[in-house]
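Labels run A, B, C and D following the written order; every chain starts at residue 1.
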Amino acid sequence: MNATNPILLQAMSVTKLFPGVVALDAVNFSARAGEVHALMGENGAGKSTLIKVLTGFYPRDGGQILLDGKEIRPKTPAHAQQLGISTVYQEVNLIPTLTVAENIYLGREPTFFGKIRWRRLNRLAEQAMSRLNLHIDVKRDLGSYSIAIQQMVAIARAVDVKAKLLILDEPTSSLDSGEVQQLFAIMRQLKSLGLGIIFVSHFLDQIYEISDRITVLRNGKLVGEYLTRELPRVELITKMMGRELATFETGLATSVASDSDLKPPILEAKRLGKRNAIEPFDLEVRQGEVLGLAGLLGSGRTETARLLFGIDRPDKGEIQIDGERARMISPADAIARGFGFCSEDRKAQGIIPDLTVRENVILALQASKGWLRFFSRRKQTELANHYIKALNIATRDADTPIKNLSGGNQQKVLLARWLALDPRFLILDEPTRGIDVGAKADIQKLILSLCQQGKAVMFISSELEEVVRCSNRVAVLRDRRKVRELTGAEINEHNIMATIARSDA
Amino acid sequence: MTVASAAPATPKQPRRAPRSLVLLWPVLALLFILAFNLAFTPGFFHVEVKQGHLFGSLIDVLKNAAPVALTGIGMTLVIATGGVDLSVGTVMAIAGQLTVLLMESEHYHWSMPTACFAGLGVALACGIWNGILVGYVQIQPIVATLILFVSGRGIAELISNDNLTAHSVPFQYLGRGFLFGLPFQIAIVIFVLLVVGLLMRRTAAGLFIESVGNNPVAARFAGINERFIKLLVYSFSGLCAGIAGIVVASNNANADPHNTGLNVELDAILAVVIGGTSLLGGRYSLIGSIVGALIIQAMDTTILTRGVAVEWTLVVKAVVVVGVCLLQAPKFQRLFRRK
Amino acid sequence: MNKFTLSALLVLSLVVGCSKHDETKPASVTTQSSASTESSAGKVVGFSQIGAESTWRTAETDSIKSEAQKRGVDLRFVDAQGKQENQIKALRAFVAQHVQAIILAPVVETGWEPVLKEVKAAKIPVILVDRGIDVKDESLYATLIASDFVAEGKMAGDWLAKKTEGKANIVELQGTPGAAPANDRKKGFAEAIASHPDMKIIKSQTGNFNRNDGKATMEAFLKSEGKNITAVYAHNDDMALGAIQAIEEAGMKPGKDIIVVSIDGVHDAFQAMVDGKLNCTVECNPLLGPAAFDAVDAVTSGKELPKKTIVKDELFEQDKAKEVIGSRKY
Amino acid sequence: MTEQANQLVYAPPRHPWRFRLRAQHIPLLATFVVCLMLYTAACIYLRDRGFFSLSVFISFFSDNAFLGLTAIGMTFVILSGGIDLSVGSMIGFTSILIARLMNPEPFTLFHHTITLPVFHPLVAIGVALIAGSFLGLIQGVLIQFFELAPFLVTLAGMFFIHGLAQVISLSSIGIEHPLLDKLSDFAIPIGSASVRFPEIVFAVVALSAIYISRYTKFGRTIYAIGGNEQSAILMGLPVARTKVLIYALSGFCSALGGVIYALAKWSGQSEGGLGLELDTIAAVVIGGTLLTGGLGSILGTILGVLIVSIIQAAIIFQGTLSSSWARIMIGALLFVFIVLQKILSSRARS
């Protein structure tokens, strides 16, 4: 890449107002053909808003957008697509009940006098997927595939439109590293074809690996545009946060005392398993330790957590709690025993969108207390305000509906829900996904402070570095099977990777 | 970060107005219908004292809204969990029929309170049946309650195929009596509303119901027994329908298995929706449903009082309903704000 | 496959169980029959009833069922739940079952021609009860045994004209909009009062043939017209009974301050007349069983029947009501 | 992240069931099995009543042709995640409109007496179909552009359309025309039975609906909207247009039902089809279409209509049930059926 790359899209002093808020304040932004341009900023900096303005989801309240030097005013995402701007979102925006092939070609199916040519469509879809090095059955429902595959399908769809500009809004947040590499290969290929790519991600490694140029936003304002190779990481973070990195890097203990092995186990799984979910496994969770679960997406991490929390019924084995066999057939049972589970799918399984922050915080605690012993309004507000302060949740007040908060802040509210329960054992499934660096560090700190209080935490994350940093013990999963447990000094990224990658069981 | 907190995360859903504002449009619609009558229907607002109680069209509106208001209270909670109960009309018939039969039949001759409790009991049983089907067998609510909707009138006819006259004076008081000059039915509605309101405010039931309606999976993961909550609301809806059935039987001094509660389910659903509760579940407003019931009854009474021709009745009703709902629709309001 | 057979059995046992229950149910109405019981024994007769929307209707059903039992007729009874489509299906089913005769209580006047042609092609005679139909080809049915709704309305109107000496402000409680009795009773009454210029219908709305709606409608009338109302004409007794309650609750005396006239002659109406609250009712006799099976016998033995047998409707006033109330069957 | 990551090749997860059965097909299969069981049971139980015959089987479709037609329209609506409660009243409305147009009566509008000419049945049918589609379209517009709940709009629509029918005429109107005689004499013999025009119209519409749902962009867009409306918008599909059209299509289908109703009976009735909307919804849901949208099929709906017909026919043929027991039996069979289907689908799935 070089400075001579022609400017493909230019946004000039784009402004977007929401009731009472300036979401984008005269932001300038430009994307060049044949370049990967990273858009960086914390949660709520205005990245998503900018993208939605570019794709016509929101009408802009001021400024100009030029595409190939001509002013455009996209009215809908469909319109933007016609103009040449395709978007892939973080949450897969496809139709899970339709086939993979249909999802790629929906709206532009090959037809013959108005009749959809299914065979041709399926063949085209297979070709499109194989261009991304994915050989899957395109005639199966999209919903039967993992999120990662669904993401790839979304990219296949976006690329196939013959777009000039491809916007990838946090496409990697649910991909494992292998898939990320596949994606990057595709991105490089597209780049060489002269496509402009706008790339949004929270993973600094990825930004530095793939992007040519970085634009940083903060609080709806442009901080600046930089060439990636000229911007050191620390400086990038400082620009995003508006404060020095050191303030949140310190205080992260690298490891907790390893004498946790001596403490009695809270929970023991004995040959616990469920068909099509996870092969029978043994697992112990002890007081005051962080047990990491590592493995690729779909390796059985979430399934393990669901079994331990009583969401799914195991068809083999048993769970022992404090040495006694326990019957757990619902989350309510698990909560009654002092367990908590912060699920990976925040939108579908976490938040109650229309309810307030306050109500979302107290929900699990109230459920465990039963419906008769109701917290007074005052007590509720007290509790909610405590966590808003403790977790630094950005919200106007405790009575704001949670759907009005940004993703990261919703995640913190959910954490607060479980912390309010004061659980002995907390399962955190991807608690840091899609949230910014500062919040991530906050959560990691929180995990450590929990186990210092003698609580047990099960930590599931796709970021190995995070798992390594936080865990006393790591269980590695592969192909729906627990393959190894690492303790003490064994815990490092290399070992985990090697375990995951080894082909024999 | 404050930027994010105020910006709507999901643009398609407009920000919901604060709770107190939800009532604004229904109340305005009600006031509009009353204002229309004030201007064009002479005597509509005329209230006099006859035989020691108040008498007038407005009193009729309050009194005749009671069955829809009662079933509407139950329906509100059902709709708040994202469901719907089509069986309230037939449950009314079953409860009314059983109560009057137990009191009047020579075989039983039960006392009025026991007979009423039996009627309420069977209504509750109907509600529990619905609740089990929806909550535990997990049948879609429309279909689950359709079963009792279809067969319920048959059950009422089995209890007794005849119109039963209720001679009991204390029983007649429930629907025809007056308290402080106002129909006793109003007192029943207020009582039920207060009990439910207190239960929802002073216990966590309201919170749980809204959670289940808004995001059932998340509610379950948070440890709420969503099946039980569903069982609870359908049972309660059955109970409310039972009260309504007894009130109607008492008002007519007669139990009619064929016609009691005919089409009440539609009026009840309308009342709830006009009152600002979304059919998708989640946030609900009990007062709103009462206002909705009053709107429907005010409309009916207006149509009758003004002597609208029979064949035009339904058209007028439909136009008013669409009008009220349009008034509440944010999209429609925006249309006028721009001008 | 076990589960399947189990479920099939379940379905079957439900059907069997319920039908058994019905057979053991005692007939609640007994009727006096004039015909011989021999001739119709063993015949298969289909009866397509409208539904069970009122006491009057169930009395009619019971009359026909018990008469069938008495005469040893194998009666196939189908309740159409108020829908003509179901009645048409029932007629087709009767044809498929090769019944010897069909009794039909039609829900509406029109819409029968095509299906009755099929029935005629199968050479099955049709006896219409309680309501007539509107067909060009009169050979499509054997006979009609019915009350004349128009005449009922006219009788009520004539009586009221006499009673009030041609001067009255009338409110009318109509039946369910679109129902044949509602249309005809409205028409007949209007004809009767047409010749009396001082008899006016000042309000007319539906009470849906039931007590609750009749009461609510009357309440509204009383509010808007008040003392202006001198008479109520209700298309059936149930609505009249509801109206009587509304009048009482308004502090007036039904039967004296406001004259109440209705049609049907159910038991509760007679009681109200005895109590002096209802002034008169025109009886619409539902006990059509004996006459219907007499017609079945006649038709199946090849006799010609008059196209129309009008059941004589009688008008009852208060003083007569006291005499006959003990002998009322329904 | 790390270099080793490059070596990791993604392996797609194994599919839980061996046959390549798509999730959609399971309820369809279950419905078919239960339908077959129900029919067999009814045939055995009612064998001496002549239940098992071709003409009775064909009558399932002819007597319920208008139910089938409304159900097809309703399937599209439900697939898109909506609901249409106005279909029943639409039948009464179109039938009375056709009858009125063929037998006009002078009426007064703003103090002018207007007399319409006598229309040819085909013209009347055309007007009725256009009117039905238009009423559906208006409901669609209210739902889509004012974001009102479909349940509510179509409930008001049900009142409104029924009201319009009553305004046209409270009493039923008989119709006659040589064309009608020809139409009812028309029959294609099949063995001992024959197929008449209601079945033919139903079959044609059903086949077109299957074609629309499977092979047109419009049809696939409906599935997409029901699957996830938000995604469908982001994917650039014409969501607004399609949703409005769906309600117009449902209006058209139920208006066509009304046409069949009028032609098969030579009569128009404002009360015709009242309450049919719930039968229709039951048929669609029994046919395996989810009320939440996105999953289901026209074929399933046809099976659902068949099941509702068999239940009704079995009770009619049984012929000794009292009114009360007939109602309870319909409810009980509905219950048994739904639970059975539930068990079968969950078994097939695991």
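The rule we apply is simple: a residue touches a chain if its C-beta (ideal position, glycine included) is under 8 Å from a C-beta of that chain, and two chains touch if they have at least 3 such contacts.
Note that the structure is a prediction, hence the values are computed from the model and not measured.
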Chain whose mean Cα position lies farthest from chain B: A
Distance from the mean Cα position of chain B to that of chain A, given in whole angstrom: 43
Averaged-CA centre spacing for the pair chain C and chain A, given as whole angstrom: 69
Rounded Å distance, chain B centre to chain D centre (Cα mean): 29
Distance between the centres, which are taken as Cα means, of chain C and chain B, whole angstrom: 33
Shared-contact residues (touching 2 or more other chains) in chain B: 157, 161, 310-311, 313
Set of chain C residues in contact with two or more other chains: 52, 58, 177
Interface hub residues of chain D, defined as touching at least two other chains: 166, 170, 230, 323-329, 332
Inter-chain touch pairs (all): A-B, A-D, B-C, B-D, C-D
Residue numbers on chain B that touch chain C, as the complex places them: 41, 43-44, 46, 50-51, 55-57, 60, 64, 157, 161-163, 165, 176, 248, 251-254, 256, 258-260, 262, 300-301, 303-308, 310-311, 313
Chain C residues touching chain B - in the complex, by the definition given at the top: 28, 52-55, 58, 174, 177, 203-206, 208-213, 215-217, 219-221, 223-224, 226, 238, 241-242, 245, 249-251, 266, 268, 271
Chain B partner contacts - residues on chain A that touch it in the complex: 18-23, 42-46, 49, 52, 57-58, 219-220, 309, 311, 330-332, 334-336, 341, 343, 348-355, 359, 362-364, 366-375, 394-396, 400-401, 403-407, 409-410, 417
Chain D - residues contacting chain C, complex: 33-34, 37-38, 40-41, 44-45, 49-51, 53, 55-56, 59, 63, 66, 166, 170-174, 176, 184, 261, 264-272, 274-275, 312-329, 332-333, 336, 340, 343
In the complex with chain D, residue positions of chain A that touch it: 57, 76-79, 81-82, 87, 89, 92-99, 102, 106-107, 109, 111, 114-116, 118, 134, 136-137, 139-141, 143-146, 148-149, 157, 176-182, 203, 205-206, 276, 296, 298, 463-465, 479, 493-494, 497-498, 500-501
